[in-house]
Amino acid sequence: MPGDHPGQSSHAYRFPYGPVAIVTPFNFPLEIPALQLMGALYMGNHPLLKVDEKVAVVMDQFMRLLHRCGLPLEDVDMVQCSGETMHALLLEADPRCTLFTGSSRVADILARDLKGKVKLEGSGFDWKVLGPDVPDAAGQEYIAHVCDQDAHACSGQKCSAQSLLVVHRNWADAGLYGRLGAMAAQRSLHDLTVGPTLSVSTATVKAHVAKLLALPGAELLWGGEELNGGQHNIPAQFGAMQPTAVRVPIEAVLANIHLCCTELFAPFQVVTEYTDEQLPLVLQLLEAQEEHLTAAVVSNDLVFQHEVLSKTTNGTTYVGLRARTTGAPQNHWFGPAGDPRAAGIGTADAIRQTWSCHREIIQDFAAVDKGWALPART
Amino acid sequence: MPGDHPGQSSHAYRFPYGPVAIVTPFNFPLEIPALQLMGALYMGNHPLLKVDEKVAVVMDQFMRLLHRCGLPLEDVDMVQCSGETMHALLLEADPRCTLFTGSSRVADILARDLKGKVKLEGSGFDWKVLGPDVPDAAGQEYIAHVCDQDAHACSGQKCSAQSLLVVHRNWADAGLYGRLGAMAAQRSLHDLTVGPTLSVSTATVKAHVAKLLALPGAELLWGGEELNGGQHNIPAQFGAMQPTAVRVPIEAVLANIHLCCTELFAPFQVVTEYTDEQLPLVLQLLEAQEEHLTAAVVSNDLVFQHEVLSKTTNGTTYVGLRARTTGAPQNHWFGPAGDPRAAGIGTADAIRQTWSCHREIIQDFAAVDKGWALPART
Amino acid sequence: MPGDHPGQSSHAYRFPYGPVAIVTPFNFPLEIPALQLMGALYMGNHPLLKVDEKVAVVMDQFMRLLHRCGLPLEDVDMVQCSGETMHALLLEADPRCTLFTGSSRVADILARDLKGKVKLEGSGFDWKVLGPDVPDAAGQEYIAHVCDQDAHACSGQKCSAQSLLVVHRNWADAGLYGRLGAMAAQRSLHDLTVGPTLSVSTATVKAHVAKLLALPGAELLWGGEELNGGQHNIPAQFGAMQPTAVRVPIEAVLANIHLCCTELFAPFQVVTEYTDEQLPLVLQLLEAQEEHLTAAVVSNDLVFQHEVLSKTTNGTTYVGLRARTTGAPQNHWFGPAGDPRAAGIGTADAIRQTWSCHREIIQDFAAVDKGWALPART
Amino acid sequence: MPGDHPGQSSHAYRFPYGPVAIVTPFNFPLEIPALQLMGALYMGNHPLLKVDEKVAVVMDQFMRLLHRCGLPLEDVDMVQCSGETMHALLLEADPRCTLFTGSSRVADILARDLKGKVKLEGSGFDWKVLGPDVPDAAGQEYIAHVCDQDAHACSGQKCSAQSLLVVHRNWADAGLYGRLGAMAAQRSLHDLTVGPTLSVSTATVKAHVAKLLALPGAELLWGGEELNGGQHNIPAQFGAMQPTAVRVPIEAVLANIHLCCTELFAPFQVVTEYTDEQLPLVLQLLEAQEEHLTAAVVSNDLVFQHEVLSKTTNGTTYVGLRARTTGAPQNHWFGPAGDPRAAGIGTADAIRQTWSCHREIIQDFAAVDKGWALPART
């Protein structure tokens, strides 16, 4: 980028915003606030941090650790309060930028009230497509295991948890549902492979399942009941559902996209199937959703991969037979993809883009020619 | 960015938003819409373009040129309508991203109503600081000329026009005001070196000048009257003011920042002075403003440059004896600096950041080991 | 890269070498000298250009075009002379950097005599591997066509021409040799799809073919004779061979690598086959060669691609069912790969690395503290 | 860098060379071999390391530390031998790339014998220019201290030690030589602020000083004698000189560039002076040297800085009143600047460019159209 003349040169810098805020949810009590806080600090900002009050004690301890390690007390402000209080605080403080991780509904309210001075990681809706190429038995077992983990681990309360599984007919024919159902059946309260859902009750999940089962051709694949037939000590305000899946024909999904693509933040997923000829319907479905978070294209078929990737938009998209939607901490770029408000997390590029802004400084220092005079007006 | 294992690799892509909108103001009828439109197209978006209705005819002709040169008719939608209609249209269409260039007031309304899915180039408030080092006579004349152009060219209706001139006492002592006043006096309707202001009337400017002159120690440096004593044919709804400057002591400016830093979009500026000891007051003033657009630090003194640059934030900051606030088309990064909504214009980096979003694609294709089996639950 | 203290910052620049030289071969009379010359100029160097004397008239005309378009006469020096004269000239002038494109033998002599102040694009030896996945008939025909072009177009005198074809047994079984032989048989002097070879005679090629056919299990696949049974008017100092291929078992190739991997710069290639189990032998063969230029891995099997790519080194490597060794002008990075002397051509990165060097400028201007005094010696 | 068609994309990778060698000198027994070795390992190479035999014991201990920390025994080969043996070894092993840090004379021999497959950090010749702007007393004392350290620390045996000091008349008038002479006089064997020179004897330095003093107008500024009048126990094969400076008029320097710019690797420097009008002579002198290593432009005058920087070439150039030639470990880019063989050290960019090479991998996998057929020959 040369200048107009000798002595002029232009340099781009990434500058901190200065005063910023961070608001994070219950489901990752440490990872999300710690990574975003450190990113904000690395870029030179002064963060005000608020963690969901149900789990704030975890980050509170981490702050004490940071102080013990040398973080100056005045570099971070951590506030313990409800979401309503934080909302009022943000309106009054008007930080240069607020990072919010949480539900799309609250994200939109914040974005409106803060006039867009936000970076968001909405909850999104995460899908996985299994392509036409089915590997050998070990490969099928491995991929079923990844699907089970993506949908059911932490009772489906990862922001990147798989909520829609789009299955090529070849996989259905190879017995995928049997493998998945068996894995789901192994999960139990006893070994903590299932547990309570904090933001959605058993009744809510059951009602949603019932609506889906009323769609033409829908059927329950596994689950659908309360854990242990209701014999547990999970408090009533939380949910306690078995890992659950409902299969809905793709035509019915397309005719009821809003219903089928509602995220529950519970161990629940919609499953649908397609044939080679129906791939265009799949692409239509994937792009009909508003929110794009993570996605996975489980296939080693390069032409298939390209067809799906080039016609969809997701912040973080895994591709290949080992593709997953959750659990790969080195590649974090979530948020509402295809959206100027999208935040990233964890990588150097994500930290730079989320926590700093562009400043262009142009040097222009050449001496003025001794004979210079004002140009004549004509 | 290596992955966890062989066969995993992560690539970052910049993806288009898809459907986007561009809303541009009257003052650059061609440059702003043409550069932003081309940027949006280069990154693969489908733009809906709306130019201020007073000047839209210019861009309308440019669109015809583009079509003649081969732009497919369906690649850009240009709409001819009022701001109100466009606002309603945007709410209904909900584009993935809307670029708005114009007043900060409208920018904030749009940002709120579009839930932050915007990129902004607000009008901002542009300042210039003249440092302690005064060059020889030719240098002084050149710098005075740049100041005159930055404040008065196009009757102060460039978005980067200088609205606050902060003058080191050495420059005042060297006769800067005499040079500037003489240059201002040369401007006339006859040769179009002054002209109408489209968004602010004569009365508004005069009322603002009167308020400033009422501040303690304030004085009129030049101008202050209607052009040609009112003998002109500029319609009454537009403004017709002489290039005008009011000098206000720095203490009075600091006590009345909102008044002194109100941008008029007219050939008007506030001038204030400082001594070496008062530099901290200057820095306090510069950072007290809400909106940061372009700025200039006119000095070849490296230590002075560093002191001002490291304690201020502006999107595009010129530094050096030739520093200007307007007119360097190769270095465009305006917008509300230090703000996540800030847009850029013209450079490759500005186009990428304004008109595309991050997408991370992680390949993960390694064959599953033949002997792989589900890990035992413990 | 922060400095030790305020006021210190470090910027990396790419600087031109200044006086440089360019020496290019006969086979691309325009593309190679034009691209390298423009690259050298873009980065600010002053090039001395020497094109192979048999074809220099082409670049001579291009220089006149450049002058007509405004290139200052003194910006490039073009010299018309023999290789020996140029060698003497280079030793005397000692340019800061000399780009040589041509045979590896001459490249090594130049590198030695110029003490390594060179960038090289040696002729190398280009291989193509056909993987286990054989597509449908149209795909087979297309890939055979690419193989035919890579090996036989311009009578094999592209620097990236395919000289070794490594064929998976699946392709042999699918009738690849029949397709290739038929395409080779279509080539004729009449339509210029074959022609003279400028640096290798008919006798030399025939002698080389005879040596290869003497290897255990070797057989002639196609060609092997002089064009038109010797009925042509190609001068005797040039070569006039039919497109020719000799198949050699992979064990024999490995036992005679130097012979089998000698590049002829003629429409000639060695063909060898492998099974899945023999892939390690193929990798051993590919890495046994000294010179690495372009390569192609013709497969859409991701695991196979990864296995070959991660165990070989080539400057420009094409991968995928459409992979080729020649003819993709947008991706030029040849030279002796894995070699600090390697040059690139055509891309922005190639131009920067071939035609400029690193300069680090560290600003360090902070004022010295008023009370600073010499540290006491202890 | 888009491809020709869907499914084609090009990615640039930095690849290791594989087998490489590192040869380092006596003067930094740990820093140079440790940084270069780690850089080579970080990029995935397999290094053979040879440290100057006089000091190899230091690096030998560091290798043991690395092994203790987990470095696999087979990842690095360290050889203990003379330079002659190493030379023979390199010719036989023919590593893909050899990094040599040491004298320019040996560097040229290696570059020739290894046919240019080298990266070099030659000893070079380091200059410093003091500009026209002389700061206050504390600033002068600080800068004199930096000059004293750059020229005399480690008895001038840093590869970036200042060997030529070019002094603006303003500095001479301000008493610079008095300050420097006093600092030189403080250095003594007793506190190890001077010591033996390992590669140059007392007699050699004295003979060189005598030749310089014979030039017209030359005078001894300080030093010139053996340490302690010869009363010391430094062995005879090493040197034992006082810190020494000879002032030579700039015209005489220009007339005897080879003599005046010979590097001794001892606490010795040539000093010369210039006026504003003589700056072109200074620039002529600076660019007349063959080898360019580090340099310093001691001035906060932006126009002066630009004049010198834009007309000289040095790998690492410090600029500003605090500029130094030695001792800033975060900014290492030495070697023969303006030379394709130049190596860097320590920074991420230096490691990448010194220890890896470019590999371009082009994916091209789109399915062939079902109807594809061989184009008809015409």
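Note that the chains take the letters A, B, C and D in the order they are written out, and that residue 1 is the start of every chain.
Just so we're on the same page, a residue touches a chain if its C-beta (ideal position, glycine included) is under 8 Å from a C-beta of that chain, and two chains touch if they have at least 3 such contacts.
Every value quoted in this text rests on a predicted model; they were computed, and no experiment measured them.
Among the remaining chains, those touching chain C as well as chain D are A, B. At the interface between chain B and chain C, over half of the residue numbers involved are used by both copies, so each side presents largely the same positions.
One simple way to say how far apart two chains are is to compare their mean CA positions; for chain A and chain C this gives 45 Å.
If you average the CA atoms of chain A and of chain D, the two centres end up 50 Å from each other. Centroids built from CA atoms put chain B at 34 Å from chain A. Counting only residues that touch two or more partner chains, chain C has 7, 300, 302-303, 320, 363, 365-367. For chain A in complex with chain C, the touching residues are 11, 300-303, 320. Taken in their complex, chain B has these residues touching chain A: 1, 3-4, 7-8, 10, 12, 15, 17-18, 96-97, 108, 111-119, 135-136, 138-139, 141-143, 145, 183, 186, 191, 193, 300, 309, 313-324, 328, 330-331, 333, 337-342, 344, 347, 349-350, 353, 357-375, 377-378. Taken in their complex, chain D has these residues touching chain A: 6-7, 302-303, 306, 310, 363, 365-367.
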